[in-house]
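Labels for the chains are A, B, C and D, by order of writing; each one numbers its residues from 1.
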Amino acid sequence: MQVIQSGVGELIQTPDINAFREWNREKPTALIDKTMTEAQAIDRFVNDGDYIGTELYGTVRCPMSLVYEIVRQGKKDLRIAGQGVLELDMLLAAHLVKALDITYIGLEVYGVSNCLRREVESGRIERVVDWSNAAIAWRFKAAAMGVPFIPVRSMLGTDTLKYSAAKVVECPFTGEPICLLPALILDVGLIHVHRADQYGNAQIDGISGFAAELARASKRLLISAEEIVDTETIRSQPDRTTIPYYLVDAVVEAPFGSHPGEMCYAYMRDEAHIREWVEASKKERSTREYLDKYIYSVADHHSYLELVGQDRLEELRRE
Amino acid sequence: MQVIQSGVGELIQTPDINAFREWNREKPTALIDKTMTEAQAIDRFVNDGDYIGTELYGTVRCPMSLVYEIVRQGKKDLRIAGQGVLELDMLLAAHLVKALDITYIGLEVYGVSNCLRREVESGRIERVVDWSNAAIAWRFKAAAMGVPFIPVRSMLGTDTLKYSAAKVVECPFTGEPICLLPALILDVGLIHVHRADQYGNAQIDGISGFAAELARASKRLLISAEEIVDTETIRSQPDRTTIPYYLVDAVVEAPFGSHPGEMCYAYMRDEAHIREWVEASKKERSTREYLDKYIYSVADHHSYLELVGQDRLEELRRE
Amino acid sequence: MKGNAHSYNSAAEYNPTELLICTASRLMQDNTTAFIGTGIPMLAASLAQRLHAPNLVAIFEFGGTGAILDQLPMAVGEQNTFHRALAASGICDIVETAQRGFIEYGFLGGAQIDPYGNLNSTVIGDYNNPKVRLPGSGGGNDVGSHCWQTIAIIRHDKKRFVERLDFVTTPGYLSGPGARERAGLPPGTGPFRVVTNLAVMGYHPISKRMMLMALQPGITVEDVHSNTAFNLLVADEVEHNPPPTTQELKLLREEVDRDKLYI
Amino acid sequence: MKGNAHSYNSAAEYNPTELLICTASRLMQDNTTAFIGTGIPMLAASLAQRLHAPNLVAIFEFGGTGAILDQLPMAVGEQNTFHRALAASGICDIVETAQRGFIEYGFLGGAQIDPYGNLNSTVIGDYNNPKVRLPGSGGGNDVGSHCWQTIAIIRHDKKRFVERLDFVTTPGYLSGPGARERAGLPPGTGPFRVVTNLAVMGYHPISKRMMLMALQPGITVEDVHSNTAFNLLVADEVEHNPPPTTQELKLLREEVDRDKLYI
């Protein structure tokens, strides 16, 4: 089983699965109340220099209230799993990112991310390593499985592989080349869900994105939830639990926590607000004004929602 | 990346993932009515010599009506993924098995499988290759992912590995030994579910065992369901679909299809009937009498249920 | 097709985006699986479901399978990607479904394309010191690796149709015949069509180089060459695409994208 | 403990299975995770939840996590393994949870055990021409590979406690100190206790050989040696296990296994 090719990209986070096991062993398995505010969760569990990841993607079920709080607290030199739209754009806008494993950071129908361009082209971001979308999800999956790598058939033959930290080996069963992706273990994972109990048992409606994988790949896991429910609600339908409590470090009640993104079956995305960001993000100065208005000048998620306005939020609720 | 060790066991089914892709491409993606009887499904989709697998395990949500029909039709020289209780015991009892990848075949609280012992110790089974439980599930997972192998940390250092067809390699990222399991692609997979529509979209309540993996690892997939539901039922809760229709070749309506096993939230296992089998299976002759009584002498699942008796079945229904 | 499908329109009556959508839509066959990305493929799929392909199985990267595209999704994970769908899972399940060979068509975009259908959506200029940092692969590399036949949708000009990419984000036929298989990509997969505002291209069956197949309304072979920075093969018989029909445009404007988000 | 927990019973008042269950139950700590297999571990876990470990997190191989064990499961996949559970997933998720280091205790059985805690549940005799074909690894190898501390429950006699196994199904300390790590198994994992009808054994911290820690009621060190076919180390201070209490037996008989399926 020969290594045929090794990507030249740096491993921004090492796949030390034994250290991950040791870490996981120390996490509490007791049922303890983990509810807290965004401010408490970010203060307690996010450090400068951490490698963090967010779920989902696009402007869907994204943990915006947690991300805003990271910006508010100015956690810096972050390394991030770069797949997203608004949530990562905010971290880039606030100059908090030092390195990233990237697959897609952009504004979807609204085009490229100007914040990404400014941060990369200026050199403020020190390292960028490219991967495909599924590759990053699969790297979480490898960590979630507790193994140091996962074999896939993406990325083969391309510069995406050449500049990544993946390896190509000869499959010992078929003799054909196959790509091995290193596990990606997050220091901190952020996931927004429909409901969770005080212990962290969390359930999601609709597509699950890569929540199961990211949750299991995170050393520290912060959950924000539209609603905190009684544990009996969880116990009455255990097959709906995507994230069991023992993975979770903090549970934050955050109604409209995905705003201006959407939450399926609950509320639609706030198209006007997203456009406001798209416009603001085009220039450094207006970017800063947006951050001032919506993040630095508001105390917390509750104040943010007041700023957005109850009437507007009600309009976004799905029938 | 050196191969450190290669199990001496034979690969009973080759992990030819490219051929699997070609096969999958030819499966119909149109929404077509796939409902049929057990007899039609087994006649059409199971051949002598096929490699087959059943889900779940124990006496839980097991596709008994389909297995009984395999016995009734005498499909022979089967190769099987050997993890189960009653379903595989029946195939062994009827001398239909030629080779097996085994992890556990036994009667759980009632001890070892006498059918397995007779078939192996007599040499009627030509090949037995051992694996761990998770190893077989992971082998399905590798096939389900569409890759020829999957890395795991089970089986290392043991005779279970030595006599299997697994390999140990040096991980190219960590330098440590890791076990690679070859993908296990089934000719036929059999799964019993709570509900399915006529196209094969299937949903399961409670634990999912390895249904998702086995379904995706099967070239031909036969689903039996407690209930055939309208497709609108599926479309109203798409996040409950464990098995999407395009994987499925046959949908068989089989109320009490897991009998004498249980179906969670629907009916309990028939302990008296299981004991009847445990007793019968101890001797070749009484085994044959059981098969005569419950399989060869009854025309189909409907007749089997009549033989078991409506009163008994009603007793098994969960409140 | 239902209604007055053969009432065609002149160029003045539709814009280039509408043309791309209608052309892509016509490539979508009923009862086939298609991996649908953000933007034009979403509109094309929604249009196809309303016209010739009511049972087109739209598959979205973050989990939606078999949605009914009544409402236009704005992102690959949002609710309309699994509206009344048959299944709603996650990205690993979906891309593994493609990796397992179940997804026939995949739609791709990019900033640059080369004669072998390779695509760049990562950087313009040097990778380590980029002139322009683009969004990255996203699902592009995965779609291009696993789907049986990929269809690229891209605006046609010399900056985009180049002999050599600055960065190969997504595999086409790589360096030519046999290169995909040698790299370990699944045999039998690769680029199928390129849809642009000027033409529809395929690939030469032997050389795997891009080949002009059909011209968009009012476009000449010379127009295509003069907007392509590499030597584009030309099929023996170049077809002429009919313009969007009245029915296509009506459905597109009044139903598919009634809020005019794209068109 | 609640109630009259310290009212102990004489050997005549309980059977060996009850003794094994109560001994195993006492090893289960509150608020810890334990991988629970069919049989005695299920009864022990149910008893522990009713006594000293109400928040014992029972994890079952086929998906149940955190069930309330009001009703005794008969199989590792049945409904009582996820009765009012916190999560119900599948085997890959559960064993990967163990592989990721989240499951502290694992319970194991087997037909033979050796001085390093390796277990055989595959064959007696030659593998290719077995005298007795046993059920196979089941989840045993997985539990023994991934859980931090494993506890074997086995009847104590010379046919079972052997110097050399006919087949190493499930890894203990393999050939001795460092062997697990050299094989690639997760560092820091391995056998913790062996519970039998005669005694409770641990392992010597350096040599990793099995060591007598505690005697069951009425059993002598000599009884244990004469039922063990290898040189069993003996701890400096051998404890004497108290017999099952009246409360343990009452709960076991009247609640845990009221249908007398096991005891």
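One rule holds in what follows: a residue touches a chain if its C-beta (ideal position, glycine included) is under 8 Å from a C-beta of that chain, and two chains touch if they have at least 3 such contacts.
Note that the coordinates shown come from a computational prediction; the quantities given were computed from them, not determined experimentally.
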Longest centre-to-centre distance from chain C, chain (CA-based): D
Between B-D and B-C, the pair joined by more C-beta contacts: B-D
From the options A-C, A-D or B-D, the pair that copies B-C, where over half of the contact pairs coincide: A-D
Whole-Å separation of chain centres (CA-atom averages), chain A against chain D: 40
Between chain A and chain C, centroid-to-centroid distance (C-alpha), Å: 28
Sequence positions of chain D contacting 2 or more other chains: 64, 82, 88-89, 92, 99, 146, 186
Where chain A touches two or more other chains, by residue: 145-147, 152-153, 176, 178, 206-208, 212, 238-239
Pairs of chains in contact (touch as defined earlier), listed by label: A-B, A-C, A-D, B-C, B-D
For the chain C and chain B complex, residues of the former touching the latter: 30-33, 55, 57, 64-66, 68, 82, 84-89, 92-93, 96-102, 104, 146, 148, 186-188
Chain B-facing residues of chain A, complex: 1-3, 6, 11, 15-17, 145-153, 167, 169, 171-174, 176, 178, 180, 182-183, 204-208, 238-239
Touching residues on chain C, where the partner in the complex is chain A: 38-39, 61-64, 74-79, 81-82, 88-92, 95, 99, 118, 122, 127, 130-142, 145-146, 167-171, 174, 179-180, 182-186, 261-262
Chain C partner contacts - residues on chain A that touch it in the complex: 56-61, 82, 85, 102-106, 108-109, 112-113, 116-117, 120-121, 128, 130-135, 137-138, 141, 152-160, 163, 168, 176-179, 206-213, 262, 264-265, 269, 271, 318
Chain B to chain C touching residues, read off their complex: 18, 20-25, 27-31, 143-147, 199, 201, 212, 216, 231, 234-236, 238-239, 241, 244-246
